[in-house]
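Lettered A, B, C, D, E and F in written order, each chain numbered from 1.
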Amino acid sequence: MLNTVIPIAYALVAFAFLFSFFRLIVGPDAPDRILGLDTLYVNTVALLVLLGIDLGNPIYFEAALLIAMMGFVGTVALCKYLLRGDIIE
Amino acid sequence: MEALIALVIGVLTASGVFLALRGQTFPVVLGLTFLSYAVNLFLFVMGRLAIGVPPVISDAAAYTDPLPQALVLTAIVISFGMTAFVIVLALKARAELGNDHVDGMHSDEDAAR
Amino acid sequence: MLEFLLSALILTGAAFTFIGSLGLARFRDFYTRLHGPTKATTLGVGCLLIASSIHFSVDGDLSLHEVLVTLFLFMTAPVSAHLLAKAALHIKAKSLAPTPDEGSGQPPHSS
Amino acid sequence: MTLFFAVLTPFVGAALVALASRLGRSYSAWAAGAVTLAALLWLAPSFPLPFAGTTLIQQHDWMPALGLNLAFRLDGLALLFAGMILGIGLLIVLYARYYLSERDSMGRFYSYLMLFMGSMLGIVLSENLIQLLVFWELTSLSSFLLISYWQHREEARHGARMALAVTGLGGFAMLGGFLLLGHIVGSYELSDVFASGDLIREHPLYVPTLVLILLGVFTKSAQFPFHFWLPHAMAAPTPVSAYLHSATMVKAGVFLLARLYPALSGTPEWFWLVSGAGLATLLLGAYVALFKHDLKGLLAYSTISHLGLITLLFGLSTPLAAVAGVFHIINHATFKASLFMAAGIIDHEAGTRDMRRLNGLWTFMPYTATLAMVAAAAMAGVPLLNGFLSKEMFFAEAAHISADHLGGWTLAALVTLAGALAVAYSIRFIHEVFFNGEPTDLPRTPHEPPRWMKVPVEILVVLCLVVGIAPALTVAPLLAVGAAGTLQAPLPEYHLALWHGFNPALAMSLIALAGGATIYALRRPLFALQERYLDRLDARVVYNALLDALFALSQWITRTLDTGSLQRQVFFFLVAALLLGLAPWFGSATPLAGNRQGLPLDPVSLLAGFTLIVASLATVWLHRQRLVALITIGVVGLVVSLAFVKFSAPDLALTQLSVEIVTIVLLLLALYFLPQHAARERNLGRVWRDGAIALVAGSGTALLAWAVLTRPYDTIAGYFLDNSVPGGGGTNVVNVILVDFRGYDTLGEITVLALAGLGIYALLENLRLDAPDRDAAGRAWNRDPYPLIMATLTQLLLPLALLVAVFILLRGHNQPGGGFIAGLVTAVALIVQYLAHGSAHMRERLSGATQPVIAAGLALATFTGLASWAFEHPFLTSTFGHMHWPVVGDFELASAMAFDLGVFLVVVGATLLILVNLGALHDSRIARKAHR
Amino acid sequence: MNGLAMHLPILPVLLPLVAGIVLLTLRSAPLAAQRGISLAATAALVPLALALLATASDGTQLVYKLGNWDAPYGIVLVADRLAAWMLMATALVALFALLHALRGDDVKGRHFHVLYQLQLFGLNGAFLTGDLFNLFVFFEILLLASYGLLLHGGGRLRVKAGLHFVVINLVGSTLFLFAVGTLYGVTGTLNMADLAVKLARTVPENLALVEAAGLLLFGVFALKAALLPLHLWLPAAYAHTSAPVAALFAIMTKVGAYSILRVYSLMFGADAGAVANLLADWLMPLALVTLVAGMLGAVAATALRQQIAYLVIASVGTLLAAFALDSVDGLAAGLYYLPHTTLATAAMFLLADPIGRARGERADRFEPGPAMPGAPILGGLFFAAAIAMAGLPPLSGFLGKFMLLRAALESPWLTWLWSAVLATGLIGVIALARSGSLLFYRTHSTTEKLPAPGTADWLPAAGLLLLGFGLVLWAGPVSDYATATAAQLLEPQAYIDAVLGGRP
Amino acid sequence: MKRLLPHPLLTLTLAVLWLLLVNTFSAGHMVLGLLLGWLIPFATRSLWPQSVCIRNVPVLLRYLVVVMHDIVVGSFRVARLILGRPSSLRPAFITVPLELKTDLAISLLANTISLTPGTVSVLVSDDRRTLTVHSLDTEDAAAMVAEIKHRYEAPLKAIFESC
């Protein structure tokens, strides 16, 4: 059962990835693009979790954790840039 | 898969080269970042591509080549330091030269000398 | 039974991930786009993480560290969304609904 | 050692003389005299040897393996020249004492003079050719100093540079010539060279050797067409001219002709080149001398002419001609030195050297006039004076050769013409200076010079006379020994006497005397002709044109290459790299792809690859919208980390992810101070060109990667996999490589990071940038610097993030992670606090001292490495062990962990240093404003 | 061997590193203390280099296995004659440049001494390493330190030059990694001795690939060495940085030259089988063109420091022409020329500083200026330095040139090399005579208050010149050592055996 | 005590998180977890708010359950809207008057709103008296405000603002 579910899940997440990327490229405004990037990061977490389950190797967990953390930091920094220009003031 | 990776390395290099040849500091920095992606990926795949065999000793039968990974790690750190430096230098140049052209000029015409 | 649960979780998770991003791609203004990723995607990834946790716990030792990522995502997603919305409001991104004033948060007089 | 010391003495003396000048003006002169005498004394004991037919050779090892030793030689020729150099040198020292004015630095003058004297002495006493060349170039250098002695005068500076350039040209050519000669002979020692005369002359490299050496000779001895520097060198003080242009510098060239005569002469090439140049110089010099209004100019061209004469004699390649050449060297030195000194006296006393103004000085300085007249007569070749004797020998040889060679009497006629011209300019020198009416408009009223200024002239003039009258009793032994030294063979039959009976030579002498008088009498139409047409013909014009061309060419090439454009540099480098990378493939049988089995392509990878490519191209396309480019490049970084994950490199993925975010934060910090948008480029040609280069570079690297990836390879990786646990105590092989197998790389890597931090810190000091008060679209910034929700919640995240960092640090040795990633996570966690709360808030709560953290990290890593010394193991040797504590249980401790902790600290310190200081740029500006 | 002697090869690397760390720790200590530490650490490099020279002089190739891992798995340091030679040159230049810096340049910005020590760490590490990737790492260290030093003090032109220097070198580093990566991808090793063994066995189907990697590596080294047309970074960088840094940079181009010599004698030399003599067609023409272009640049220069910078380029051409001869005599000539040109260039840069200052606002520009105070001593030293740089007797430049020309006698490049070397020699004389004459002779009186140079202003330069004169006085032993070094480089098997311990 | 152990609750939380992180529940890691749980807050104590007071733990637990339930429900609702016709949406900005005073409580409320049915917190007014929320599909704005205040704000006030 997992063998059929996982490819479907891959496909769904891949499309999610593509949609986010589409928004990132198309914009039109900077917040749209940042939101696209942020979602792309979260999609990547999903992808990594899937990969971990698929390969049966828990070694991808740290990458997922870090992506979640770093995606957040990136979004915060980019938003702060839009709001204030100077991100560390 | 090898062809895709080769293509990706090529695109990264091409983007890096094009941007590194621009006249303003910011695209040059982006170009250098691209080049470091390209070369890190290149150096990494010199250990050949392998899926699901990370070089962490377990009861697995095979492992990928760990050496290029260690080299790339070193290279990433170094290029991070370099990128940071060049970014700050770009700011310094902006302050000293009055604009963000790499040669301290305003127009493309001047730069095309 | 367990495999069924696992499959259901994975499928649900993937589906929500998909739907969240679909909303991002589909909707017509920034503020409506914001909802998909903030809720659906977060829940989707959460489901996948729980699936992973179950998957690895069954294979060997208890694997609960996925909870950590989930926790982390649930803590950060709303903050990101808030900041993004604030930024959009600041740059006066196109909005289907009349936008409130940046300082007081009051709706514009016209509405 | 005596010869070596003789040469060394003037060099050491130069310093003494300079020091002596501090005691007083005369002390320099005394010291210089003493130095000259000392050199003479070193040589004196050896003087009898050449007369006894012995050649003294002294050797000292210097670079024996290269055939370059200090080797000195005292034979007849060397003796003759050494005597002239020191003897006339002594007279010059005396003369200059009175010549130089109060304003001139005595110490500097005599010091240069001693340098020059030592160099000259070195040339003539050298046994080794390369050593000879060393002294040869030293004469050029010291004469540069002497000629430019009056450096405030433009003609002195120009003259000196010209002399240096022309003689420098010769010197470099001669270096080539000597190297070839040494190559042919197998030794640079003159003894060996003399013994290999036939070998040399028959060698295929003979002609290039000869030409190169002659270039040296001709430039130094001012032979046509290199003669032009000499008149300009007259800008030197007259004692210098008297010394350099009579007995020494210019004689170095003819000395070398004489020196190498046994080895190189006797071939048609030698004959035509040497005597051809000599004849041309003889005639040209004599002709031009006639028209010079400047006394020293006249003497200079006369010198050129006489050097031509000597050169011509050596070119004739007969032993008798060589003897005549040596004889004329002696005679010319005596009369020309005295004439220069006389000219100097006139200049000194009358304040000008212009013969159009100098008239009738006989009435003011009859004694000096008498001396000058005798010397001039010697120069003209008047009987009873030494010049007559050697010139007659010259005429005889010319006549003799003319009889033998094609062209019949042409040579005889031409040398007679030259003789006539010499007579004419000698008459002019005497007549126009001492007679010819009253002086016009002289700066001062001339009178006789001080007593001791005349003495050197007197001595030389007396020598001219006694040699001229009784050669056999005076100069004969010296000439014999000098000629023998030249020929390195038994001397030919010759007879030194005033009267040789009626012969062609006598006829030629008489014709020359009569002709000279006639020419002088008819000088006015000649002068008019000369001034009208021929004055413009000057080799200096060619020299200047060449020099101008050199400067123009240099400037053109340099400016064409170096426009100060970075883009150009990068472009050159890329093109060079492409050429280098592509070159081996042309005409090579190497196939591009190998036969290794690849991995299948899966849809998700394809999607990721597609995303990366689109994001890259989007970045390139949108790079002028900078924030957008930053976001798209973020995607690229993310996908690259995904590739690391996919292909079994979790450590790399973690590192790439963390670096990515820090880089984006950095770029955002920077972007604030940079333009948000860039204008479209107007130079589309450049865009296309760069696009093409990018395409080729991209294809090149893609193909390179493809070529490697499709090939099998053997690697040393197996060793690391096998030894990681037993030898390194860790299961994460990448980490074990980083902290153990190749810990040295890592030490270097963290040093780079520390350096980046410190360098940035230094860069940021005093950096002031204008902070824009509104964004790119012209909107004012948001009023809320620290949004509440962000501030509150990021604070909650800090301990969590730090916990993760510790986790990553501690497990790095066995699982993906390690000091670097942990350091970045820590730094990022702290940076988020800065983002949320601002620098001021953080400064209040956290000591901003990141540099001690860096230092501690570096120190920890280094001293962990050094600890292995205690166990007599090399630097960075690791150790590990398993511990058991109650409650806690089993765990492993490895020295590599301490090393990794060092890495962690450096990363945290450096990253924070960079980000926080960059973030504080704006802050400091506000603070500054507030302060004002 | 035990005690410190056992660790001799790594001491020249660790000493500056530890000094750098100590200086960073004590960054708020009194200036005198910081200077003392920096100076002591730098001075101590001289006896260390001497000890290594003494050890290497009998042909010993000390191998230091870092982490006690055997080559080719771990990184090794190899202290052979060449490495010791480079260390010596570095130590001497560094010491005198530092002495010059102590008269005030070191306090014009932050962290001068830390950067300086880490620069030495990078340089010495690069000269000693036996591992290609480690060479990359040390290149980066020395580059980043040099960025910091180059920009030390700031100023418009300096920042622009620094930006160019940094960017071009970053592109260069990228290429380095591409080349190293390819070599690893084909041979599976990084140790240079092991690479030499493996490269010599290159199969025909990998030949072009390996050659491409080898040539790309050459591109990198050529950039560092400032070989035409990759020299454009150098004139501005050297001309606009501070004097002691420019003097220290005299050794920087030599790192490129060193790497070319090391890599192409060891890995692509005559014994390298299919990949033998890889550079044969490239190096000599490029070197000669560099020599000519450098010298023409020196003629075209409009200021003294710019002129010296171009002379550096010319000297790189000369040096690499010597190496390109690929014979014992040729390499020996180059190895003799190397310390000469390093010392002379450094001295010249150190002199340009007080000269520029003594000329007031004219600085070192080639235009008539005020009569400078201290002209006799500065002029005398300039004269000596110019003689050395122009390759005139009796200084070491002449001997180097003599050895080079002599070595070329049997070369097919004889005519080209001789023409280039002799002609540029003359051009150099003309250029330097012009600048000396302009700076020292063509002066006018002035009311400008010009500072008279103190002893400290010229003493380090004089010291360097004196050292250069030592190369003349002891030309015999020095050239013997250079010849022995050359012989050692052309017989790489001993190096390989020493590193790999005789393993295949 | 306060000084040495600034945030006992946090220490415990971190220790638990550590065990989650290392995925091992050995004694050694418990010790290490507690150690880190103490060390990290201690080392960063200057960056922490004076203290977080939590009363009413049962309310907290009930609140968590409610929120989790709402997240799931809210996600399904949003999913339906996403899959439906975008033009049928009725987006609106809604102003929620705030009674909460503390930073933490306001932030948590905002977060909760963002995670639950069709709303995202957009803005806290400068005077902190109102919270502006964007609603994806608005039927009755007033009812929505009431629901938020009742369902989330009240318990949060009870948990964090009753000391």
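Odds and ends about this structure:
One rule holds for everything that comes next: a contact is a pair of C-beta atoms (placed from the backbone, for glycine too) under 8 Å apart; a residue touches a chain by one contact, two chains touch by 3 or more.
Since the structure is predicted, the reported quantities are computational estimates derived from the model, not experimental observations.
Once chain A is excluded from the assembly, the chains that remain, linked only through touching, form one piece.
Shared contacts of chain D and chain F, meaning chains that touch the two of them, come down to C. Graph distance from chain B to chain F, where chains that touch are one step apart, equals 2. In this assembly, D is the chain whose CA centroid lies farthest from the centroid of chain F. Measuring from the average of all protein CA coordinates, the nearest chain centre is that of E. Taking A-B and B-E together, the chain pair joined by more C-beta contacts is B-E.
Chain C and chain D have Cα centroids lying 70 Å from one another. If you average the CA atoms of chain B and of chain D, the two centres end up 40 Å from each other. With centres defined as mean CA coordinates, chain E is found 49 Å away from chain A. One simple way to say how far apart two chains are is to compare their mean CA positions; for chain A and chain F this gives 22 Å. In chain A, the residues touching two or more other chains are 10, 17-18, 30, 34, 36, 58-59, 65, 69, 76, 80, 82-83. In chain D, the positions touching at least two other chains are 564, 566, 570, 574, 646, 650, 669, 671, 701, 704, 708-709, 713, 715-717, 720, 741-742, 745, 748-749, 752, 755-756, 759, 763, 775, 782-784, 787, 789-790, 793-794, 800, 804, 815-816, 918.
In chain F, the residues that touch at least two other chains are 17, 21-23, 110-111, 121, 124, 126. Chain contacts here follow an irregular pattern that is not a line, a ring, a star or a complete set. Of all possible chain pairings, those that touch are A-B, A-C, A-D, B-D, B-E, C-D, C-F, D-E, D-F. Chain contact summary for the complex, chain D toward chain E: residues 61-66, 68, 108, 130, 133-138, 140-141, 144-145, 148, 151-152, 154, 157, 160-161, 164-165, 168-169, 171-173, 175-176, 179-180, 182-183, 547, 550-551, 553-555, 557-559, 561-562, 564, 566, 568-570, 572-574, 576-577, 580-585, 588-591, 594, 701, 704, 707-709, 711, 713-717, 719-720, 723, 727, 740-745, 747-749, 751-752, 754-756, 758-759, 761-763, 765-766, 851-852, 854-856, 858-859, 862, 866, 868-869, 872-878.
Residues 1-15, 17-30, 33-34, 37-38, 40-42, 44-58, 63-67, 69-74, 76-78, 80-85, 87-92, 94-95, 100, 102-103, 107-109, 111-113 of chain B are the ones touching chain D in the complex. Against chain D, the residues of chain C that register as touching in their complex are 72, 75-76, 78-79, 82-83, 86, 90-92, 102-103. Residue ranges on chain E touching chain B, taken from their complex, read 133, 137, 140, 144, 147, 151, 154-156, 159-160, 162-164, 166-167, 170-171, 173-174, 177-178, 180-182, 184-185, 190.
Chain B meets chain E in the complex at residues 16, 20, 25, 28, 32, 35-36, 38-40, 42-43, 46-47, 67-68, 71, 74-75, 78-79, 81-82, 85-86, 89-90, 92-93, 96-97, 102-104.
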